[in-house]
Structures are given as structure tokens and as C-alpha cells.
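Below are two complexes that have chain A in common, paired first with chain B and then with chain C.
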Partner chain A sequence: MTLDILQAIAAGIPWTLALTAVALVIGAALGQPLCAMRFSRWSAVRFLASALILTFRSIPPIVWLFFIFFGFGSGYLQISPFQAAAAGLGLITAANMAEIYRGALAAIHPGQWEAAFALNLLPRHRFLDVIGPQLLRVALPSGATYAIGLLKDSAISSTIGVSEIAFQAYHTSQRTFHSLDVYAIAGLLYILISLPMASLARWIDIKLRARVAR
Partner chain B sequence: MSGSPAHESPGMLQEAATEPLLRLEAIHKRFGAFEALSGIDLQVRTREVVAIIGPSGSGKSTLLRCINQLEPPTSGRVVLAGVALEAGQEPSRDALMRLRRSVGMVFQSFNLFPHLTVLRNVSLAQERVMGRRRKDADEISMQLLSRVGLADKASQYPGRCSGGQQQRIAIARALALDPQLMLFDEPTSSLDPELGLEVLAVMRELAENGMTMIVVTHEMHFAESVSDRVIIMADGRIVEEGESAQVMRNPTTERAKRFLHAVNDR
Partner chain C sequence: MSELLDFWWEWLPSLLNGLAVSVAVTAVSLALGIPLGLILALAVQSKKTAPRTIALVAVEIGRGAPALILLQFTYFGLPNAGLALSSFASASLALAWCTGAYTSEIIRAGLEAVPHGQKEAASAIGLSGWDALRYVILPQGLRVSIPPLFGFSILMLQASSLCFAIALPELVSQAYIIGSNTFRYMSILLLAGLLYAVICIPATMAVSALERRLGQHAH
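Presenting the complex of A and B:
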């Protein structure tokens, strides 16, 4: 019986992982221009970035997902539950990553920019060779913490029908009436997935710290 | 005389010989209501070593940073190796690049890239800016690191090096781009006296080999013994300027006397 339950719920693991990964990639990528906009020389662009970040972060994820899936999804766009969830969580992640990048930027010594200018590096080299790697290094711990939070938030997508862990658990408990076992197993799976994520992040952090120890 | 080509007029040659490498004309720099530089005129010839001394807040560092446009001047003109930048008008990227390419800069806080090895610190801009191949850049970097006595540190990260070593690496990094002018912004101010000495030794060697240098410093002995010319700044102006020993021993203006008194009384 327990094996049945486990199998049924485990079917959701790929979807949980995929949704977390896609949202994280969208967020990590979109977070960069969003963060750059906050430092724009035009106040309108800075204002727009702040407004977007505020909007993405202040509205609860579940409202975002309903808004995208039932709002846009009914009539305007043909959109699958997974696409809607990835878009919604991706945008929220982008706003949070933009703030994480902003904090990391502030932690980089202004002399790094000056040295890059004085060496005449082009803007893309300033970023890719000098600032970017240091930024990632500083942003990694908070980024990893956010990623684990995101893994848990992905459960919200069960409400719009993404067949991830929480979704499978709900339907299994409806079918078997073993709610206690079902949700305990589901919780255990989330722990089992977060653990390697946390230790991977810590391992990378220690690696990088050892290299650039001051 | 007979060897000189006929199509080059003597006038042109003479002009080329006397044209200073760097010419600053009426440089002003304002930060909000505060005027950091109030009209600086300065010329530096090729192979000349100029020391700028003066009290804190007198505008010495700002002046250096105006030369390579880390701080664009509010008004005035910078002419360096034939590239002229007029304050107030947005410089073309090309002009800015050409100007910065002929200037190397060394900072008080070293500003080495902490995530790159010592070798990579020196090689990076050679590849990205000069288009050198990695192998060639690394070879040149190793020569420069040997020159500053740090070839054995090539594979280390800067964080593992002492302040004096870091500053020598920073000098090697700047030299790697073959600058015509080197700017030193208080290169020894964050070092203890002994580590400062090893950096000064490298700078002395550079000066002896004909590098054109402008050095903002509090090292009075270095200013007097190595530089050809000393400039004393106060309140955003040049208050005294001339041959090193002359300025250091017999300043003429009241402000310069006051500053040197304070220095010598320590």
C-alpha cells in the first residue's frame, strides 16, 4: 500500500523539479536586466523597474498563477498549467533575484569598477570578466536559499493542475483516504530534494570562498 | 642635418619634440556645490616624473582621476598623446578608449580582481583590450611579474599576497597595456612602511627606465629624490610648482610653506 502511495506521489517529482528549474532560470536571467534598470540613468526606467519589482513581490504567488492561468488563459492565450505556473513563478523569482543582485552589487568594492574602467575594458568585459563572477559569488547563498523556497512554492501550481508532488498527493489521498501517510510522504520528498540543493550550494560557496579568501 | 627627409619641415619636427605628452587646461571639477578643482593648468613631458603633494582634500586624487576621465572634469580640456577631450561634451567612445589606452593607473587600494589568479589579473586586459592571444599575454605577464619580483606568485590569488605584493602586481597589470603615462594615486598610503618601500623601489626602477609618471603621494623623500618636478596643491589649486629640491626646500608661497612646515615638523 505504502509503495503504491509512494509511486503515485513520486510521479510528481519530475514536474516539481522542472517547474522549480524553469522558474529559477527565467528569474535568474530576467532578474539581471531588471536589476540593471534600477541603476538606469533615466528616472522613468528606474521607476518602472521599482514598480515591476514591487508588483511581482507584493502579490501572493497563488493570485499570480490564477491571474495568468484563468485570466490570460481563458480566451486570450492558449496556455497550459505548467506554462502558466512557470511564467508566474518565473516573474516573481525575477523580481526577487533582481533584489538579490542589487544587494550583491552593493557589496562589490567600487574600486573594482574603477580598475576595470582604468584598464579600458569594454562594458561587456567589465561585466563578464570582472563584476559578474564576483556578483555570482556574493549572490549565491541568498540565491540558493531562494531556490529552496521556490521549490516549496511550486506546490501552489497544484491549484491550477500542474501534476507535481502536491497535486499527486492530493489526488492520492482522495483516492486512498490515507491522508496522513500521503502527506507525510509528500513532505519527506520535499525534504529529500532540498537537502542536496542546500549542500550543493554550500559546497560551491566554500569552494569559491577558498579561492578568493582575502 | 643632411639625413633629415626633405618633406618634413623643421617646424613640424620641433613642434613634435616640444609638445608635452599631457596638457591640462583650466580643469575645474565640481561635486555639487563643492569645487574640488579650481582651474588646473599642467603640462607633463614624456619621461618626466611629477609628484603631487598637498593636504588631504586638496584635489590631488581628483586631478589624477580627471586625467583618465574616471571623473570627467566639469570644465576644461585634457590633451593626452594627441587625443583631446573637452569637458562638457560627451566624448566619443573611440576618443575615450584611445585616451584611456595610453594611461595606466595604480590605486591606493590596489583593486586587483580577487576572483582571478595573479597571472590572470595581469593578462586579462591584454587579451580583451589589445587582442593579444592568451599565450602571448601570459608570457608578457610573466616577464612583468618577474620585473616586479613576483613571478613565483603567478598562480596564487591576490588575497594570498601581502599589500606590497598586491600593489606591485597592480603595477604590472597597468604596465601590461604599454601605457605612455602612469598615474599613481597614493600607491603606498595603505601599506606599512616596509611594504611601502618595496613598492617605491619598483616605482623608482620605472622612473629610471624613462616611464612618464604622475604620482600623488605623501612620501616626501620619494617626491624629492625620484621626481623631476613637485607640485603642491591646496584647496583645488596648484600653490607651488617647480624643480623638486627647489620646491621642497625653498617654497615661495605662504600656503606651500605652511604645508611643508607641517610635514617637516612630524
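Presenting the complex of A and C:
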């Protein structure tokens, strides 16, 4: 019986992983301009960026997903549950990644910018060769922690019908009436998936640190 | 525009009823969960193996499993073990577990911020372990934990929206029901989002102001 349950729930793993990955890629990409806006020379742009970040983070993910899926989805344009979930979680991730980038930028020593200016590097090289690699290293641990949080938040997409782990768990429990086992297995599955994610992040962090260790 | 405002005015009372349920379930979860977090934080640091192991397992499951799964586990799962709870009770139980697990880490970080000399001084003046904890360590450690605990409380209000999945008539459930009756999901969800934003945005700004003020004298 347990094996049947495990098999039924495991069918959701690829969707959970795909949704987490897509939302993370959208967020990591959109977080960059959002973070850059917070350092704009125009106060209106800075204010807009802060307001966007605060709004994305202050409204619960489930409201964003419903808003996109039921609000936009019913009438304006046709979107699948997966697209709605990826868009909603992607936007929330962008706001959080912007804050992670901002924290990482603050941690980079001002002397690095000065040295890049003093060497007369082009803005492109200043960022790609000097600031970027350090930013990546500093942002990685908090980014990885966020990614694991995002893996768990992806369970929310079951409410709009993305057939990921929580969705499979709900339907398996309705079908078998073994709800206690089903949700215990589903919970453990999330923990089991997050363990290799955490150790991968730790391994990359150690590798990146070793490169600059003196 | 005025038509939208009329629609909002018509349904605002139902949403506010839902918001009251959201706030109530959040308050109960925090009231149960934060003391649980303190107990877990102390148990994790315990020298005895049994309490340490139990606390570690409780914390790792509470933090590692999605809150949605914890909610469904307590609402759909526990009846199989002969414990059928109402949706409010199971929501409080699941969110209190989640709160306990996360706040135990916040409180532990606060306790570890207390300089070691304070513990030595407490034992030097002859305080028992319990008195040292009560009069010396906790007052200093918990002060450090207060801003992140407020920040976490804001997240819990948002997490209470997951109780939609276990049929608790909170804010999102109300908005969803109104949406499916009127077919105006976008308008009603916009209002629900605004209600969360009206509470969470000023609260978040207040917490960061508090953090800055307390941080000024930290160094």
C-alpha cells in the first residue's frame, strides 16, 4: 500500500522540480533590473522599485496565483495552471532575489569599485569581471535558502491544479482514504528533495570560496 | 471605476469577516507557536540526547515540509488516527507547529548572541541554571529576537491564506467563494490583495524601522 502511495505521489516530482526551476530562473533574471532600479539616480524609479518589491512580498502567493489564474485566466487570455503558477511564483521570487542581490552588493567592499574605476575598466568589464563574480559568491547561500523555500511554496500551485506533489497527495488521499500516510509521505518527500539541494549549494559555495582563498 | 467601488463596498463586509478569521488563526498559532519555539530552542541545546533528538526532528519537519502539507496532514490525516479536529483547530495546530519550528531558530540565534561571560557571571554569583536562564539569559536573548519574531508574524498572517485548502472561511476562501458566485474573480481578488497589503506593507516598514533603531546601538 505504502509503495502504491509513494508511486502515486512521486508522479508529481517532475512538476514540482520544473515549477521551482522555472520560477527561480524568472525570478533570478527579473530580480536584476528590479535591484538596479533601487540604485537608480531618479528617486521616482527608486520609489517604484521599493513599492513593487514590498507589494510582491506583502500579498500571499496564493492570492497572486488566484489573481493570475482566475482573474486573468477567465476571459482575458488563456493560461494553463502551470503558466499561471510559474508567473506568480516567478514575480514573487524576483522581488526576493532583488533584495538578495541588494544585500550582496552591500557586502562587496567599496574598494573593489574604486579599483575597477582606477584601472579604467569599461562598465561592462567592471561588472562582469570584478563585481559580478563576487556578487554571485555572496548571493549564493541566501539564494539557495530561498530556492529551498520556493520548492515548498510550489506546493501552493496544487490549489490551481498543477499536478505536482501536493496535488497528487490530495488526490491520492481522496482515492485511498489513507490520508495520514499520504501526507506524511508527501511531507518527507519535500524534505528529501531539499536535502540534496542544500548540500549542492554548500558544495558550490565551498568551491567558489576555495577559488579566492588566500 | 465607481462600479468597481460599488462592487467592493457590497462585498467588503464578507471579506472583513474572512480577515477576522485569518487574524484569529494567526494569533492563536503565534500564541501557541512562539512558546513552543522557546521550548524547542532550549531542548535543541539540551545536553540530554532524548529531548534534543525529539526537538530536532520536530524542528526539521516543521521547517522542511511545506505549510500546506502540514495543514492537510492535520485536517485530512489526523482523523485516520482517530483525532478529528475542526478546520480552525487543525489550522491552529499545523501553523503553531510551523511557527514553533521557525521561531525556535530565531530564538536560538538570540540566545547565542548573549555573551558567554553573562553565563559565567550568573554561575559565579550562585544562580541556579533555571534562575540564570530566567533572569540573565532570556531577558537579553529574547530582546535580540524581537524584530525577527515580528517579521515572522507578518509571514504567518500571509501563510494563514493556505487554510483555504482546508475549508477555513478566511480571507482567501471568502474571496474565492464571492468570485465563483459573481464570476468577478479579478475584482474581488484585487480587494483581498489590497487588504493583505494594507496590513503587511506598513507592518513590514515598521519592523525594518525597529530593526534600524535597535541596530544603531548594537555596535
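One rule holds for everything that comes next: the second predicted complex is superposed on the first by the 213 of 214 C-alpha atoms of A that agree within 3 Å, B and C clash if a C-alpha of one lies under 4 Å from a C-alpha of the other, contacts with A are read in each partner's own complex, and residues count from 1 in each chain.
In this text, contacts are C-beta pairs under 8 Å (C-beta built on N, C-alpha and C of every residue); 3 or more make two chains touch, one makes a residue touch a chain.
Quantities reported herein were computed from a predicted structural model and do not represent experimental measurements.
Sharing chain A, do chain B and chain C clash or fit in the superposition?
fit
After the superposition on A, what does A:111 contact: first (chain B), second (chain C), both or neither?
A:111: touches chain B, not chain C.
Between chain B and chain C, which makes contact with more of the residues in chain A?
Residues of chain A touched, chain B against chain C: more for C.
Using the touch definition from the top, say if A:179 reaches chain B (first), chain C (second), both or neither.
second
Quick check for you: in the superposed arrangement, does A:207 touch first (chain B), second (chain C), both or neither?
The answer is neither, since A:207 touches no partner chain.
Now for A:41: first (chain B), second (chain C), both, or neither, which partner does it touch?
neither
Give the angle at the C-alpha centre of chain A formed by the C-alpha centres of chain B and chain C in the superposed arrangement, rounded to the nearest 10 degrees.
Approximately 110 degrees at the chain A centre.
With both complexes placed on chain A, how many Å separate the closest C-alpha atoms of chain B and chain C?
Result, nearest C-alpha distance in the overlay: 24 Å.
Identify the overlap between the chain B-contacting and the chain C-contacting residues of chain A.
Chain A residues touching both partners: none found.
In the complex formed with chain C, which residues of chain A make contact?
Within the complex, chain A touches chain C at residues 54-55, 57-64, 66-67, 70-72, 74, 152-153, 155-156, 158-159, 166, 169-170, 173, 177-184, 186-188, 190-191, 194.
Considering only the defined contacts, which chain A positions touch chain B in the complex?
Contacts found on chain A: 109, 111-112, 114-115, 117-122, 125, 129-130, 133-134, 137, 208, 211-214.
Once bound in the complex, which stretches of chain B touch chain A?
Its residues touching chain A are 68, 70, 97, 100-101, 103-105, 107, 109-115, 124-125, 128-129, 157, 159-160, 170, 173-174, 177.
Report the residues of chain C in contact with chain A in the complex, numbered from low to high.
Per the stated touch rule, the residues are 60-61, 64-70, 72-73, 76-81, 154, 158-159, 161-162, 164-165, 172, 175-176, 179, 183, 185-186, 189-190, 192-193, 196-197, 200-201, 204-205.
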